Every structure is written in C-alpha cells, then in structure tokens.
Amino acid sequence: MSPIPEISGWWLPLAVLGTSLVPALLIMLLAEHRQGVRTVLNLGAAVVKLALVAYMTWGVAFGNNYELRFGMMPGVDFVLRADAMSMLFAGLSAALWLFTTIYAIGYLEGAPNRSRFFGFFSLCVASTMGIALAGNLVTFLVFYELLTLSTYPLVVHRGTPKSLNAGRTYLRYTIGGGAVLLVGVALFTSLVGDVSFADTGALVSEASYDATLLRVAFWLLIAGLGVKAALVPLHGWLPIAMVAPAPVSALLHAVAVVKAGAFGIVRVVYNVYGVETAQALGVLFPLAVLASITILWGSVRALFQTEIKKRLAYSTISQVSYIALGIALFGPWGSIGGLAHLLHQGLMKITLFFCAGNYAETLGVHDIAELDGAGRRMPVTSAAFTIGAFGMIGVPPLAGFVSKWYLGLGALESGMPWVLGVLVLSSLLNAAYFLPIVHRLWFRPQTAPWPDEHSFGTGETNRWLLIPTIATAVFTVGAGVFANMPYSPLRWAMLVVARVYTQ
Amino acid sequence: MNADRLYAYVGVVLFAMAMYAFLTHTHLLRRLLAFNVMGGGTFLILVGLAQDGRGPDPVPQALVLTGIVVAVSATALAIILLRRWFALSRSTALPEDQS
Amino acid sequence: MIGVVLLVLTVAWPLALATMLATSAVFRGTLQDASWWSWLVTLAPIPALIAALGATQGIRLELPWLLLGSVWEIDPARRALLAAAALVWILAGLHMRTRFVDGTHRTSLQLGWLLAMTGNVAAMLVQDVAGFYTFFALMSFSAYLLVVHTRTDDAFAAGRVYVAMTVFGEVLILSGLLIATRGLSSPLLTDVPVAIATSSHAAIATLCLWMGFGVKTAVVGLHFWLPGAYTHAPPPVAAVLGGAMINAGVLGMLSTLPLGTVSLPTLGAFIIVVGLTGAFGGALVGIMQHASVTVLGYSSISQMGLLMVPIGAALHTPSIAPLAIGAVTLFAVHHGLAKASLFLGVDTARGSDRFSRVLVVSLCALVGASLAGAPFTSGAAAKLVTKYALYDVASVWPWLGTALSLAAAGTTLLVVRALWCLAHETAEGEVVSSWPVGWLMSVGLVVLGVWSLGLPSAAPAWPGAEWLDAVSLMWPIALALVLVGAAAWASSQRLLPLWRVPSGDLLVPLRALWHWVRAQGTGIGRDPSERAKSGASPTLSGAVAAPVIVALQSLRARVRVEHPARADDALRSVAPIVFGVLVVMLLLLFRFGAS
Amino acid sequence: MRRRVARHAVAGVASVAVGIALWQAIGVRSIPTVSLPALVREAMPASGVSHDITAVLLNFRSYDTLLEIAVLLAAAVVALALRDTPRERMPASQPYLILDTFVWRITPLLVLVAAYLLWAGSTRPGGAFQAGSVLAGAAVLLRLSGLAVLSVDDRLASRVVVVFGLSVFLLVAAGTLLAGQPLLAYPPAWAGALILMIEAALTLSIAVVLFSLFDNAPQSRPAAAPAQRGEA
Amino acid sequence: MTAVSAGQLLPWLLVAPLAWAVIAVLIESRRGALTIAVHAIGVLLHVALGVALYTSVARSGPAAHALGGWSAPLGIGLRADGLAVTLVLLTAVVSAACAVYVMTTERAAHDADAETPRYFWPLFWLLVTSLNGIWLAGDLFNLYVGLELLGLSAVGLVALGGSETALSSALRYLMAALLGSLAYLLGVALIYAAYGTLALPELAELIAREPLTQLAIALMTIGLCLKTALFPLHGWLPPAHGVALTPVSALLSALVVKGSFYILFRLWFDVAPEAVTPLAAQGLGVLGAGAVLWGGWQALREPKLKMLVAHSTVAQLGYLFLFFPLAVGTGVSAAALATQGMLLHLVAHAFAKSAMFLASGTLIAAAGRGGVADLAGIGRHMPMSLFAFGLAGVSLMGLPPSGGFNAKWLLLQSALASGQWFWLCVLLSGGLLTAGYVFRVFRESFVESKDSQFTPTPRGYDWVALTLAAMAIALGLASQAPLSTMTSGLRVMAGGT
C-alpha cells in the first residue's frame, strides 16, 4: 500500500523537532560575531527540516504513522505524532521558517544581539513544530507555552520602552490564555482521561460524560487558544506586539503565534471533540458567531490604522478568524476552507509583513501616508505587496480566493447563510483598507523624500530581504492558481477533511 | 498525684508562661531566656509524663540530656549573634520590633 | 491540436508579454519604450481573434490542476462575443499605440492593457466558475490601471469609485456563485443555471449574480463608476471598457443567470423595470452632459438598460430564453463595436483639425445611426431580434414594444447630443499623428454590419420581412430628430433652462452622504487614548469604561511601586500575634476537626 | 500601642490555650503498651556500661549524641566565624588576692571533678557533657579572673581540639562500618572501652567548645566589628 | 559497589559529610587549591553515594539500617524508602551544585571581596549531614536533633554574611527555628508519653485518634509550619534567604525548608494519618493558598532581586501545603495525584529555585548592585545567566515542559478529582503571579541601554545554574520514573486518610 518502507518512524518527529531545538541552543551559545557559522546553522537546519517534513508528509499521505510516545508523568503521555493534520501545520512552518530565516538574516545585518535573536527564533519554530506534531492535549500545551516563552524575547528584542511595554502586554494575554488553556486541558483530561488526538475526535462516546462539563471544557480550551488566535475580545496584544522587528511580526502573524492558536482550535474541534460531537454539543454555532465578530471587528479597526504594520495586524486578527470560522461551519466544505486558509493566510500575511519590513528597512517608511510612490522605487516589493493584498481581499486566482470559496460553500452547507454576508462584508472591508495602500504604492507620485533611505547597490533592497518576499508572493499565486494540484494546500486540506468526517 | 505527674504539670505551666514571655518580649535576650524556660518545661514534660505511672525510664532522661546540649548550643549561638547584632546596631530587638 | 495551442496562446501570450514587461520594468529595462514592442502589445489579442474566427467546431481544453479544475472552451455561442472583444481590443490598441510608445506612465498603461485584455478574452472562453471569476477579476482590477491612466485628480476620483464598485460587484458575484453552486466543488458555468433552478435560494442567487455582473454592465443603481471612468480615461480605454469589457459582464449574465431553467417572475419584472429606468434615465441625464465621452457613457447605461429587458423577460418567462439569449448576444456585439467605434471617433476627433473634424463627426454619425437602430444597420437587426424575442411576453406587458421604441428615440437623442458635443469640443488631449486606422476599420465594421462576423448558430429563425418594417424603426428616430430641432430652436431663443446634471448623477449626493457619515463617525474604531488626545467629547462607552480604566491603572500603580515590601514588614512585626492565633486555630482544628 | 495590647492578649490566649490543652491531654492520657525501660534493661549487659542513661546516650541512641555533638560544633564554628579579628585582648585585671587564690585552688579541683564525672558516667549519673561543662566552667573562671588561658581561636591547634571529640566519635563510627557492622555497633567486648574513649575525647572537645563559645562571643563594642563581607 | 546493599550504604551518607565537616574545620585556614580539591572529593563522594543509594533502592526496594545494631524502638533506625533516597539524591545534586558555585568563587577570587567567608565549608557539610539525617531518620527524637542541626547550621550560614541585615535576619531565623523546634519537641514528648516509643514504624502501627496524640500532632504541625515558613509565619524567610550568600540562599530555599516539610508530610501521612483531621488539612490548605498569593504579590513588588526570589520561595512553599486538603479526606485517586504533584513540586522547586538563586547571584555580581532595576540592559552581557534564570522561572511558573508544570498539573487533576475547585483558582493565580515577577526581571534585562557597566563573572557560575535549571526542565519530560520511586510504598498512595 505504501511505496515508502514502513519504518517505525519514532525518530522522525523527534528529528523534525531537533532540527530547530538543537540549532537554537547552539546559536544561543555562539559568540555574537560568528555570523558565518550562525547563518550556516540557521539555513542548514531550516533546509534539513524542510526535507524531513517533506519526507514525512509524503509518508503520511500514504498512511504511514510516525509516533513518539513516552510517559511524561503519571497518567499523561508525551506524544509526538505525524498525522495529516499535523503535516498541514508542520509543512507551513517548515517552509515559512526557511523564508523568514533568510529574511531575518538580511534584516538584522549588523544589529546587536543576533545570537539571542536567532536562538529564540529557532526555539520559536521548534515550538511551532511541537505544536504541529503534538499528539495529545498535554503535549500540545507544552509547546504552546514554550511558544509564548520563546516569542517574548523576540517581541522585546529592540529593548526600547515601547517594545518592553508591548512585551508586557503580550505576556499578560498569552500567559493568561495559557493558564485558561491549562484549566481547560486539565478539566478535559479529568473528565475523559489523557486521550490522543484522533482523526474523528478522541471523545468516543460523549454520551457517557457530563455534557455541561464538556461544554465548559470546550470553552475554556477555546478561550485559552483564542488569545493566541486573537479572537475578539482577546486580541489586544496583537497590534501592540507590532513593535517587534519585521521578521518577528511575520513569524507571529503568519506562522507561529496566531496560527498556533488557530491550529489549536482546529485540534480541539476535530481531533479532541470530533466535529460531529462538537456539533452535537452545540458549540460550533457560538464559535462561528465569535469568529464572525472577530472578522468584522478586525477589519473595521484595520480601516482606522495609519501605520502599515498596525493595519496588517488588525488584518491578521480578521483573517485568522476565517480559520476558526471554517472550523465552526459544520460540513466538509467549511472545514476545507478553514484548513486551507490556515496555509493561505500564512503565505499571504508573511508576504505582506516582509514587504512592510522592506519598506521600513530600505526607505524608513512606517506610515501608510509615506508610501506614496514606493512602487516606482521598489517595484518588486510593491508587486509582492499587491499580490498579498489582493490575496487577502480574496481576489482570484490568489490563495485567499480559494479559501473564501470553500468557506462560502461551507457557510451554505452548514445552514448558516449569514456567514456569507460576513465574508462579503469582510472582503469589502479588506478591499477598503488594502486598496488605498496599493493605490499609494503605484499611482501616487513621491511627494517627500524617504524618511531613512538605504541604498543596496543595484537592487531595490537587500537581496536577503527580497528573495523570501518574492518566494512567498509566488507561492501565494501558486497556491491559488494550482489549487487543484496534488500536495497543494487545498488538496492537503481535503485529505485531512476526508479523514475527519466519519460519514 | 505522683512526683512525675507533678513534673509534667509544672512543665506545662512553665511552657505556657515561657511561651507567653517569648511572644510578648521583644528584647532578644529575654526571648532567649524564655526559650530556655520553655525548653525546661518541655524537658519536664518529657521526663515526667513518660515516667508518670510507669516508673523510671532512662530513655527520656537521655533524650533530655541530648536536648540540653542542643539547647545550650542554640543559646550560645543566639548569644553570639545577639552580641554581634548589638555591636553593629546598638539594638537589642529585631528591626521590626523597634518602635 | 492547433486549436488547443491557439487556445493556450490566447491567454498565455498576452500574459507572457505582461511578464516580460514587468521584468523589464523591475530591472529598469527599456522594453516598454520600444516601438516594436508597442506593436506586440497592440496585436496581443491576435491569437484570440484567430481562435474565435477559426473555431467553427469549438475547441475544448481541460486543465484539472488549474485553480479548482479549469475548462477552457470556445463554443459557437461565444465566438461572436470573443471575436468582437478581440477586435475591439485590437482596434483600440491601434489608437493606443502612440501612447504606448511615448505617453506618460507607459509601463503601467501597457501592463494594464495587456492584463485587462487577457482577463477579458479569457473570461469569454473559460467554462469553469473559478476560472471565469478569476479572469473577470483580472480584467476588472487591471482596468483600473487604464482608468487612472491620466493620473489627474478626476481620474483618481473616478478610479476610486470604479474600484469600489468593482469590489462590490466581485463579492456579489462570488456570493451568487456560492449560493448557486452549493455543494459543487469545481463547478462549470453551465452547472450554475441548472443548480440555481434546483436551489431553494434561486432568487437570492440570481439577484446576487445579476447585480454583480450588473456593476460591470452599469445597471442603473450600480452604474456610478461609469460616467467618471469613461470621461476621464483616454477615449480608446473607454472604447474597450464600453465595447469589450462590458460584454464580459453581459456574458456573465447570460452564462450564470438561470435563463430558461426556472421562472422568477418578480425578479424578471424587477430587472425589466430597472432596465427601462436605465434606458430612459441614462438618456435623460446623458443629454444634459457636456462632454462627448460622458454622453457616450450615458448612452452605454441607456443601451445596457435596454439589454436588461430581454434578460428580465427570460427570467420571467423561461420559454423565451433561447431567443432572448440570441438577441442579447447580438445586441451586445453590435453595441460593443458601435460604442467602441464612437469612442475611437472621439479620439480621432480630438486629434484632428477643424476640417478633419467635420469628416470625423459625419462618419461617427453613420455609426450613431446604427446605434439608434436605423434601418439596414446592425442596430436595427439587434432591435428587431429583441422585439421578436419579446413577442411572447407582449401579452403580459403590452407596452413593452412602445417603450423600446421610445428608448430608441432616447438613443437617437444621445447620439445627436454626443455628435454635437464632439463637433464643438476644442481640440484637447494628445494629438494622434498617425492615420486613425483603428477607427476607420471600426467604422467600416459597423457600417458593413456585424452579422457578417458570424451570428450565433443558436439564434432563432430569422425574422424575415419584419425587420424591413421601416416605420417601426424610423418613427423613434424621427421623433428624436424633431425633439432635437425643437431643442436647437429653444436653445437659440435661450428658452432652454440650463439644467445641469453633474456627471456621475446619483454619486454626487451619495458622496456627500458618505462625507457626512464619516464626519460623524470619526471616533469609531479609534483607541480611547487616541480619542482622548484628539479632544473628542466623552462618549457613552468612554463613560462606562472610565471607572474600569481608573481602577486598573491604580492597581497597576500599586504593582509598580518599587519600595521594599512594606506589607511583609508589617506582617513580620505582628509575627507573635500571628503565631498565637495560628496556634489556637490549629488546636481547635485538630480538636474539633474530626466531626 | 494597640499592637502591644493585642500582642499580649493573643500571646496570653495562646499560652493559656496550649496550657489548658496540655493539662487536659495529660489528664486523659492512656499508658503506653510499649515499654522501653524493659528493653533497656534487657540490653544493658551488651551495652558495655552499667549506667542505663549512659548506655542510652552512647550506645542505644549514640547516633543522637553524634548529631548533638555536630550541633555543638555548628555553634562553635559560627562562633569562630564571627569572632572579632583582631581580637582585643581583655585587659589584664588588677590582681585580686582572694580571687586569684580561690581560682588557683579551685581549678585543679574542678579538673578532678570533671575527670570523676567522666569516669562515673559509665555507672551512675555523669558523663562527657557534665564533665566538659565543669572543665569549661573552670576555663571561664580563669578567663574572668584575668588569668592566662589560651583563647580558642583560628589556630590549627584550637581547631584540632574543637573537632577532636567528634573526630574520635566519627572514627569509631567509620570503624564499625568498615568492620561490616552497623554504624556505632561496638563489639560487646570493646564497648566499654570505646565508650570511655569517646567520652573522654568528647569531654575535651565539649569543654573547649563551650569555653570558646564564651570566649569568642563578639564584644558589644562596635569598634571591634570586622569588615563586613558579602551581601549588604 | 555491587556487593554493598542499600542498608550498608545508608550510614555513609551521614558519616561522610560529617567527616568532611571535621576536615573542613581543620583545613579552614588554607585557601585555594587544597580546599577546592578536598571539598571536590567530598562532593563527588557524596553524589556517588547518593546515586548508589538511589539506584539500589529504586531497583530493589526500601532499605533500613539499625544504628548501633540496636533495632528500634530501643535503638534508632535509619530507613530509606523511595522518597527518602530521592531526597538524598536531590540533596547531593543541589548541594554539589552550590559547592561548585562556591569553588568557582574561590578559584576566581582575585580580590578579597569575592572570597568565600570563613567557615563556610564546615557549616555546609553540617547542613548536608543534617539534611541526610532528616531524610533517612526513622525516629521522632532523632528528627528533632536533625532539625536543630539543620536550623543552627542554616542560621550560621546566613550569619556568615556578617552584615547588620545578615545578623538580624539570622537572629530572626534562629528565634523562629527555636520556637518551632520546641513546639515539635513538646509534641515528641507527648507522643512518647502516649506510646512509649519514638520509632516511626512502630508509631505508625500504634497511633490512634486521641486527644493527646492530636495535641501532639497539632503542636508538631505548628512548629514545622513555622520552620517551613508557611504563610503567615513566613516573615523570617525572605530576609534570611535574601541576605545570605548566593549559594547559601540556594541551599536554604531548595533544601532546608523542605526538611521540616518532609517531617510534616511523614507525620501526617506515614505516622499519624489517623490523628489528623480534614478540617485541619483544609486550614493548612488555606494558609498555603495565602502563601501562594501573598508571596507572589510581595515578589511582584519587591525591588531587590534576591528578595524577590526569596518571596517566591514563600509562594512556592504554599503549593506544597495545597497538598493537605487534597489528600486528607478525599478519594484514593485524588490523594495519589496530590501526593505525586506535591512531591514533584518539592523536587522541581528545589532545582528551579537553587538555579534561580545562583543565576540571580551571578547577575547581581555582574551588575554590582542588587536591585531589579540595576539589571537594566544586562541581557546583552549575561545571556547565560538570564537563560538559566528563565528556565528556572519556567518551572516556577508551572509552564511546560518542566517539573513545575507536571506538579501543577497533577495538583490540578487532584483538585478536579476531589471536586475542590477552589484550589484550582489558587494554582492558577499563583502561576500568573509568578509569571509577573519572573518577567519583571526579564523586562529590565532586555532594556537596551548603553551606559550600564557590568563586570564579567566566571563562566562556571552559569554552567552550574544552567545545569540545575535544565534538571528542573528535564523533570517535566521524565517525571514518571522519579515519581514512581518517590511514591512507592507511601501509605497515602494506597488510600486516602
């Protein structure tokens, strides 16, 4: 059945984790000036990890199981396991990590504290990998918290009062969320026991448990995860955390933090409760409402932002909730849309943040108003930004369209046609806050000198910054144009969903 | 009431009184004295109660001897610290007890 | 095989050109300045034209990996529209070529031109929903580059409205498609009407789709973008907007609305009413305009309003759908070519001296006659076919024929007004030095009649003698000419009130309303602190939040205080008390804790 | 002031409560079933000494005593650590005839008493601590009377004496272990001798330590404060 | 080593450190290489003994040793069950780390300021002896002597600082310790009077619920609580732990306070489960909750780094007391979970807190001053120390993966299993407060300021702290084995009281 030899691949998840954990420690120990070694370590680890993840994905597609399990404490196992769902997230992280690493190397050229930065950067990805591969709630929690810790030094990296305050806010939210999540996990475990994630839900016979307590546990879990997923009203940290360096923002928004929350919600609904049980418990509808509110609120707030990164941040709040929305739409289509958006949003948002970083690094531009004419000065970056923005709006053939299409189908399928209205409204708002930027880039003449321009020889900006930007933009297009190709995000989401529904 | 029982009761009274003193005095030397009296009370109870109604028992007596050495050591240590403290601060009470 | 290659080239060739152009721009190349390159751009739709003209048997290509699974096909029913679009693009391109070579903002112009063109022709040959939607969007958004080409404030204002409306249209289309095709993962366009027919939300889906495409076809109420865009864009751009891209919208309607599959009487009637409103309203507002391009723009609104009538009728009475579709196709092709020709004429006139201008205006009058439906023109054919198609619904709305005729009168008025404006406009804009080949060819095409392009084979039996019914064709024109005469006389006597409806009609009050709303809602969505900084008056929410914020801040202040932990000191000084209390407590707990 | 009242009130209540609780509990207590005295009597022959308390102290519960000596050492070490450096010698006092004579007469007597107490410990009340205390008392007396007594200070010799008792005790303990016996399990034949040896060593050390605790107690004059170290 | 049984190993754990205490006194005047070498050998030996004993007991079950060849109740028994040997090993490891820290100081001593104070080593070894004595004791009175030895050597170590604050703290500590010991001793007296024996195994068989016994347990409980610095009797702890030398603080917080707690645990759950009452357990739980909140709150406001860590100890000790209400009067599974959680917390806190103290000391040494605010900008200079501090903080906060998390998890599960939701809130708020004060330190350290000056510190400091912190973390991934060793044979695991 499988063309891959059926190896007992317990070491594979470990290796995937190790490829960022070990470099993280090594890099932290590295002296500040050893730039060459650090770069090699960073990129080498990223490439190796990507290869491992690709191999594992291939294996999982053919039904192989890679599992590492040992007793963590009485009654609780530490489980790393690669199933289709985990590869969805692991693939995203591995791929985007490579780009972000390249980007960060360029971004931080000559900046202080690079060893610390890249150390925690790698640690952050290790946590993301752990979140992806976690095979039960407790293991998930382990890496979820590790993520909080490893991102904090990145958020406050600049060490300015502003970033330190942002870090404090960030912590208040995430640590608080972690605590709530802990209670949720503890409550669930005390009700059901330490159960591993299963395709159709770990909760075998919900009838034997107290439905009210199950609901309470569900909402505790969602509340805990909702902080990172930036569900309104738990989203406050995200715009503030924007003071971090651009690669960090990219990482926070596209790959790591918000995605961890969203992915957690996915796990809870599909692999812990099981989507059918969740539907039976009646928790999906409120979740959809919550996600919808978040989508709209984020978009509305984004409209009023004058800083590029802040606008992007609110956009993230809005966009990430598409994932939660897709999950909450009972039925395969909605699920496909939500899961595909997990990947698509990552690609698009990381592109946008790369671009924002490029503007900041090359031109010193931080405010939207300063972008006039940037398209002429930095055409490639601006093109990438345009692609990302259009993708966010959901313009075909970009990735965002594909997600929206399936979300829309899901909305109708699940009997919540009003969700379609939310999608429409959100798209309009997206257009309303993205298109003016695009317009400024391309159609407005430059009116004032750039605030802080750097020259990078012939190219429009540092090559390390440009290449990942182009790559993710190309992927954004590719994920849409070739949505129906095997191993495309969409197809992988379909594969996952095929395993999630029992009927 | 036999002698041993009496020892025990006296021990109780000593202990309670010394405890009162320990808790109310702020002068460290007084406290130390109270501690020693408390210890005495305890030793009385230890020996008296153990022997009450059962005749002489060498074990509690040995325990008390050990206890005395320990108490002496503790007292000596306390006095050393106290004198040093007094030398440095010209105070006989702990900082929080100085009005 | 050649057919498939052509099909691919139709889309890939202009896309490849666009890619080359972008690459050149990034690397600061000079490709966009080259004369030979401008020819390539101009003639980029050639594969499309060849494919459309040559594909008598139809060509089909399945690309399952593309998007959600794509199917490209030129079927006989669409050949005419595709060919017309390709032609319009080529002819307009000939007018644009000088601008390509030495106009301002060459790169973005060429890029927009190529992309919009690709989207336009591809939308006409893609059969799957996602693909169609994709290319439709590509066309719509790229056209923005063309609309704002002059980079004037007016152009930007027009562009903003254009984009806003486009986005609105896009999401409506998306919603409509989603509602229509629920449960279908990668549906084809042909599935849509069928799916709507069985859907319980047929009316909603249809309405969404109609409105979505209605933005592109400037249905009244969704037309706000059109006057501005036509006015402020270069006339050849208006030509492709009004001659080619508009037809993509028409095609969208024809493909997705459940024409013939389900009866939606109310919606059909509504569409007819809206259409007629557009037809007459467009004419009424149009004749009060002062720029030829604007008048022509309103003419488009008016014409498209007319076009809605058979569509609405077909929704109302499914049985007439085949005829109606044929009529609409014919109408669209005719209108596209004629309107493009007129715009190109404007472009030509603007670059001409006074003498040549007379010539230009007279030739334009020929085209205008066709538009007005004068006998022996393609307009007449379109009109008659339309009337024929509506024959079956005459019992429901007996006044429909009259209304259509009256509308023709309106069209005539508009044409006259446009020509009048054109004749009186002072030469402005870029002077076209070369011989206006494109325009002349377009005039030729219109005059020779469009049906030689190959009418839809699915068209109804030809209404033989009826279309020679000159009276029914002529009286509206005559009426219009009388009116024109009267107006001219009144004008010379200064009897005519100087009404001016600003270009953009309803948009003006809407815009005012928007500004008012914005002014009211300035505070919405801002951070409270920012609001406080800006000195805004306290709001209700602020009043509610204030105590909470104060409490939190005082709490924070307490935490922040960095002095020795006094509380612990206090506790330490009462340590004996605490010990005593605890002793008593514990004794009690042990003594009485058992029960 | 309020706090003072509260302190007295609470301390009174607590003390009375403890007292009453103890009083009551003593009144209703039951006689234990286990009788250690009987066990002690049983084991006396093997203890190596004839006095039961000494047997308990240095044989049955010798481990307690070992730790107790460690406690004493701890105090001594702290005293050494905190002792003033350089030490201000106590000024030689004026010679007081009566005092001097008394001291000179009584010191040998005290040493003798100590020796007796030590020896008697195996058969009747007495033992190392009592002996050591007497010795230490003699030393204190000498010091107070201003007579030359070596101070117990940092010198190696002092330290050797301080740990001498514990060292012997430990050596015996280690010896028993190395002999494969339980800790401090004296061979019955040697028990008496070993105990006496330990007691003797302990007496010396206890005396020195007790004296050093007196001798090294910091003076109350701030001038003598050593340089402060470490954390402020 | 194979031939030596655990029973034979036991006494060496007392003899060896005591011998080194003697040696330490003898070589006190020598500084430098000799001292380091001698004590290094002692430390290695101690660790080796600890490991040997642990493996032996973990493999073949509990061991006992009748001291002097006299079996209890006449003699004193030493007994080594899984819990005791785990704590012995813990003591060996943590004390070794602290010793290495001190040796690093001695090696790097260029100026007198950095020198170890005189007579540190004898007190250190006495402390270790007393700890081992307590873990392995099988006799109530012997525990008293052990407690006193522990208390006096700890007080001595605090006083070694020599400063005014050090002395007042030491005095306060001593007074508390003495009062606590006396309360305990009185309890011992009553127990002996009631049962005629002091041996724990016998007492466990004999003890019944009667007024005298209950009074004795109550007195011992209050005394031990005072020595464990249970809120609100904790007043002595923060100054003492905060002012002591860095490695001393680490020892005190990691091990010393655990000694009295250990006795309390043994008393309540091994010796006299019949005599304790659920209400009293709830009372202790409430005080524990108070400690968690109060300690955390104080730490949040504390301007001095080491004091902050000391307040944290108060809070963390509170968690230990949450165990009582969860294990007394509840079901078997809840009690078992609570026991596991508490024991794991004890161990994890020992590692984490010692690491945190050592890291703090290093940071202070680098900054030259002890305020949290003085750390501004230290992140760039002392990344390793901060990393160790952070890892330790992770465990203290109860964030995974760490021993602290697992412990908290088990306590949570126990609270849920026994239906006592209230403790859940306490556990959570405690974690949040901990996060608050840990990140206060980080916030300062990440400040990028150019003007602050930092002295470099020996690398060894960081490695020691990192090792300890890493152990606290590793405990989060592999807590199964130590837990099963620790809980094997405990009565409370078999059934609640």
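Going by the order they are written in, the chains are A, B, C, D and E; count residues from 1 in each one.
Everything below uses one rule, namely that a residue touches a chain if its C-beta (ideal position, glycine included) is under 8 Å from a C-beta of that chain, and two chains touch if they have at least 3 such contacts.
Keep in mind the model is a prediction, meaning the values are calculated, not measured.
The minimum number of touch steps separating chain A from chain C is 1. Under the contact definition stated at the top, the chains bordering both chain C and chain E are A, B, D. Chain centre most remote from that of chain B: C (centre = mean of CA atoms). Comparing mean CA positions across the assembly, the chain most remote from chain A is D. Taking the mean of all protein C-alpha atoms as the reference point, the chain centroid lying nearest to it belongs to A.
By number of C-beta pairs in contact, A-E leads when A-E and B-C are compared. Inter-chain spacing, taken between the CA centroids of chain D and chain E, is 29 Å.
Once the centre of each chain is set as its mean CA position, chain C and chain D turn out to be 104 Å apart.
Centres computed as Cα averages put chain A at a distance of 67 Å from chain B.
As a whole-number value, the distance joining the C-alpha centres of chain B and chain D reads 16 Å. Along chain A, no residue makes contact with two or more other chains. Contact of a single residue of chain D with at least two other chains is seen at positions 7, 10-11, 14-15, 18, 21-22, 26, 29, 32, 35-36, 40, 60-61, 64, 68, 71, 74-75, 78, 82.
Residue positions of chain B touching 2 or more other chains: 8, 15, 22-24, 45, 49, 52, 54, 59, 63, 66, 70, 73-74, 77, 81, 84, 88, 96. Here the touching chains pair up as A-C, A-E, B-C, B-D, B-E, C-D, C-E, D-E. Put simply, chain B touches chain D in their complex at residues 5, 8-9, 12-13, 15-17, 19-20, 23-24, 45, 49, 52-59, 61-63, 65-66, 68-70, 72-74, 76-77, 79-81, 83-84, 86-88, 90. Of all residues in chain A, those touching chain E in their complex are 28, 70-76, 78, 112-113, 115-116, 138, 141-143, 145-146, 148-149, 152-153, 156-161, 164, 167-168, 171, 175-176, 178-179, 182-183, 186-187, 189-190. Interface of chain C with chain D (complex): residues 573-574, 576-577, 579-581, 583-584, 587, 591.
Of all the residues in chain D, the ones that touch chain C in their complex are 3, 6-7, 10-11, 13-15, 17-18, 21.
Partner chain B is touched in their complex by these residues of chain D: 7-8, 10-12, 14-16, 18-19, 22-23, 26, 29, 31-32, 35-37, 40, 52-53, 55-57, 60-61, 64-65, 68-69, 71-72, 74-75, 78-79, 82, 127, 129, 210, 213-214, 216-222, 224-225.
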